[in-house]
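Which chain is which? They are A, B and C, in the order written, and residues in each are numbered from 1.
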Amino acid sequence: MPVLEVDAATSGYGQMEVVRDLSLRVDEGEIISIIGPNGAGKSTAMKLVFGLLKPWRGSVRFLGEDVGGLAPDKLVRRGMAYVPQVANVFTTLTVEENLEMGAFTLTGPLGERKRRVYELFPRLHERRRQRAGQMSGGERQMVAMGRALMLDPKLLMLDEPSAGLAPLLVDMIFEKIEEVNAAGISVLMVEQNARKSLELAHRGYVLAAGRNELDGPGSVLLDDPKVARLYLGG
Amino acid sequence: MTTAPRSSPLRRLADLLTGASGLWILLAAVAAAVVVGSFVQGVEPQRLLSLLVRGVMLGGILALGAIGLSLIFGVLNLPHFAHGELMTLGAYLAFFLVLLLPSGAPLGPFSFGIEFLIAVAVVAPAVGALSYGLDRGVYRPLRARGSAPIYLAMSSLALAFGIRSVVYLVWGADFRFFYPGRARPAFELFAGIRVRPDQLFILGLALVLIVAVYLLLERTKLGKAMRATADNAELARVAGIDTERVVAFTWMLGGSLAAIGGAMYGLDAQMRPEMGWWLLLPLFASVILGTIGNPYGALAGALIIGIVWQVSTAFLNPAYGPGVAFLLMILVLLVRPEGLFGARGKRA
Amino acid sequence: MSEAAFVKGLLLAVPASFVAVHLFGRLGRLGAVLGIAVGIAAGLAATALLPSGQIGYVASFVLMASIYAVLSLGLNVQWGYTGLFNIGIAAFFAVGAFTTALVTTRMPEGPLAAFSQQAFGFGMPFLVGVLAAGAVSGVVAWAIGRPTLKLRDDYLAIATIGIAEVVRLIFQNERWLANGPQPLRGIPQPLNCLTQTDGCGYLPAAVNAFFSPLTPRDYPFVYLAVVALVLVVVYLVLERMIESPWGRVLRAVREEESSARMNGKDAAAFKIQAFVVGAVIMGIGGALYAHYMVSIDYSHFDPLYATFLIWVMLMLGGSGNNRGAILGAFVIWGIWTGTASLIDEIRPALAAISSDLPARGPYLRFLFISILLLAILRFRPQGLIGEKRRTS
């Protein structure tokens, strides 16, 4: 059974249609990368999956159940986690409090869960009492991912995790994504950095003007001359 | 390609002035101007110190309103224009209960009896519950319908005038005093500073409540979730925080604190139906000065506004108090609209 | 029909004709002629058929509603077309009223000077006063708009509360400026001389003769024609502006299309322009009010009457629609004055509840108006007539 299955979904803002007949699938243990030019509807696709937008047509199925338009907090309880591209940490809260907020729905002690996140991101443990607003871009991205991992999600969704980061940090974040995935969490991400994310991904989808253009294993897409010309810079 | 170096001294000065430190410099300048101004006007230092103490007390009252206003502003993205009226309502309802309860002897040096404390203890949760009820009846249906935030703001304006009309209807337009003719004389605290016992009580109560709010926000899960939602409501929803529960709790807390603040203001000065509307301006000034959505910022803002308001009476017509708060707010908006604790450019 | 009734009928025909011409607008020139004919007929019929007490009431009702309509039009430029949340209308209302008062009165002399103080008094004509009122109000709007309009929307709302409070505090406390807490008296009424036995010295004898049947009590009829004329001019100018490219930009700013079509700085510049234009109109409305009242003080500009009521008018009529703004002013002013007499009717019932209540009856109206606004926001946010659909 696929973790996530989007079938011919159409959605947008107000009257404006942004994604049309979008179909994608995430299987257990996969890293899926969505690439495409600016304005192709990548972020909109993520918002659609995460219930921030309702599908006008088509369906979104998560773990076999139709979740189209279900509110985010319900999806979080079912095992979906989402890291937005910008403003993805609570700046006035400490690192530790940020992590606690990721597990708001749980009652009881969170020590074990926090320990696992700190294991993945030792840097966060060092700085757990610091306010997230005072941290660097790479550290914030770790806080945001750590927050999303607190509930042991089945599916982690990342919106442009490498945006605005220095190249060294980009590698680090991608490594972390691989580690997370190795722990059995499926990952769906949108990336501007097409080459790197396709190298990492099991499969990729190419969006253009809100529609599926191409899909296939990451390595195949990397070799596709059309993808190379359009999105990989030659 | 390299970015142009930003090392010219002028540039650095400009950055300094528009940074958070710029606001502190501004506040220091205001303080210096006040001291110099009163020296020139020949205001006695004792008078200035007394006004400072009274300013801290007024700041405490304002903080009780401003903390809730800031949280509501952050959590719901709503400038709650009826917040002053919650203070009015708290004062008048406490007044109503004080008249109803058997009148006890004044407690120690204070002007009020035990019935006043009982009244406040009853009224605070009642106004908190009423605030939540208003949210359910007025704001939530609008949120559910996806109304633009500005329509919620306008609804709060309508509520402000509605509540004020009710106060006029029930209690009339005249001044009211909790204990007419029972004012206790001011005594000398130290170094020539004169305060009334009631004012010390108000200051103490405000401090206790602020500490309690601090513990609530820092130590409880719901408190942390309130701060998180006020900081970034969109992310709070995404993170799986039950934001409607946070909203309910925010109203209860904000309404209760406002009611106590209103009763304290009524005890110190007098009650009139317009008091909430007059207080609204200093409240918003405190919230903006201390960065929207930051309850500790609201406390700092309220203390600053309270002190500047009181001390300005040394050389200004006291009627202009709210005007001084307004002026300070405009200066903040000019220099650093994010307030003392905001990330640059985040909110503006 | 008495001569006085005939003259009054013709004066009433002024606003009636405007409405009729507007209604027949589609018929072109014929519509204009027809409209004027219908307006005159309506005015004359009203004075002929209604007893003079009632017709006087109608005149003063239409007069006040028209003044409020001017204010509501001013707010419509700011809120309806540009989305600016101004809750300090009272500031511009008051600034306009006091400006024209100071410009058109003369400095008190002799024994009066001991009781009445004002900063200056130029004794200028009505029109100069009205224009000065608009100008000063616009300058105040510019001063408050510049620091706040480039920030998030709610800051403007908060700042306008502040400016309204400060303006009220100044007019309440500064005796030297406009007689402080005491009313500023003797604001001249334009064309009041028409109702005097001597007539107006600057008008031809024939005109004076025509109006000679009027007595000073009939002044509202004369002023009604003046106010109606100002209202129509404001309306037509605004309609022109709104349909112009400038108006289109304002709507784009409101819809937050700014990012697509212009940068933030330009958007802020247009917001300031709209804010100032709206404030100028509010200032003119304040001036019209002052010349009708003859004497004004700070208490006339309580936020309840001078801000909140105007918001309800615009929201009920339909923001983003100038006709809606005017309609709302008339409907709400009708409800406002109508409920006053209703509350008079139920005085005994109120007295039965509490002996204090009849005296506080007026506040029932505010409660009602507040609930009305809540209901509009909940159930019909577009108002009675919504915004015209435009193809852009």
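By definition in this document, a residue touches a chain if its C-beta (ideal position, glycine included) is under 8 Å from a C-beta of that chain, and two chains touch if they have at least 3 such contacts.
Owing to the predicted nature of the structure, the values given are computational and were not obtained by experimental measurement.
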>> Quick check: more C-beta contact pairs at B-C or at A-B?
In response: B-C
> Based on CA centres, what chain would you say lies at the far end from chain A?
Replying inline: C
>> Comparing chain centres built from Cα atoms against the global Cα centre, which chain wins on proximity?
In response: B
>> Taking the mean of the CA coordinates per chain, how far is chain A from chain C in Å?
In response: 56
>> On a C-alpha centroid basis, what's the spacing between chain B and chain C, in Å?
In response: 35
> Distance from the CA centroid of chain A to that of chain B, rounded to the nearest Å?
Replying inline: 40
>> Could you pull out the residues of chain C that touch at least 2 other chains?
In response: none
> Across the complex, what residues on chain C touch chain B?
Replying inline: 83, 85, 87, 147-148, 151-155, 157-159, 161-163, 165-166, 169, 172-173, 303-304, 308, 311, 315, 356-357, 359-360, 363-364, 366-367, 369-371, 373-374, 377-378, 381
> Along chain A, where are the residues that touch chain B in the complex?
Replying inline: 50, 52, 71-73, 76-77, 82, 84, 87-93, 97-98, 100-102, 104-105, 133, 147-148, 151
> Where on chain B does chain A make contact in their complex?
Replying inline: 221, 224-225, 227-228, 231-232, 234-243, 293-294, 341, 343, 346
> What does chain B use to touch chain C in their complex?
Replying inline: 79, 81, 138, 141-142, 147, 150-151, 153-155, 157-159, 161-162, 164-166, 168-169, 172-173, 277-278, 280-281, 284-285, 288, 317, 319-320, 322-323, 326, 329-330, 333-334, 337, 347-348
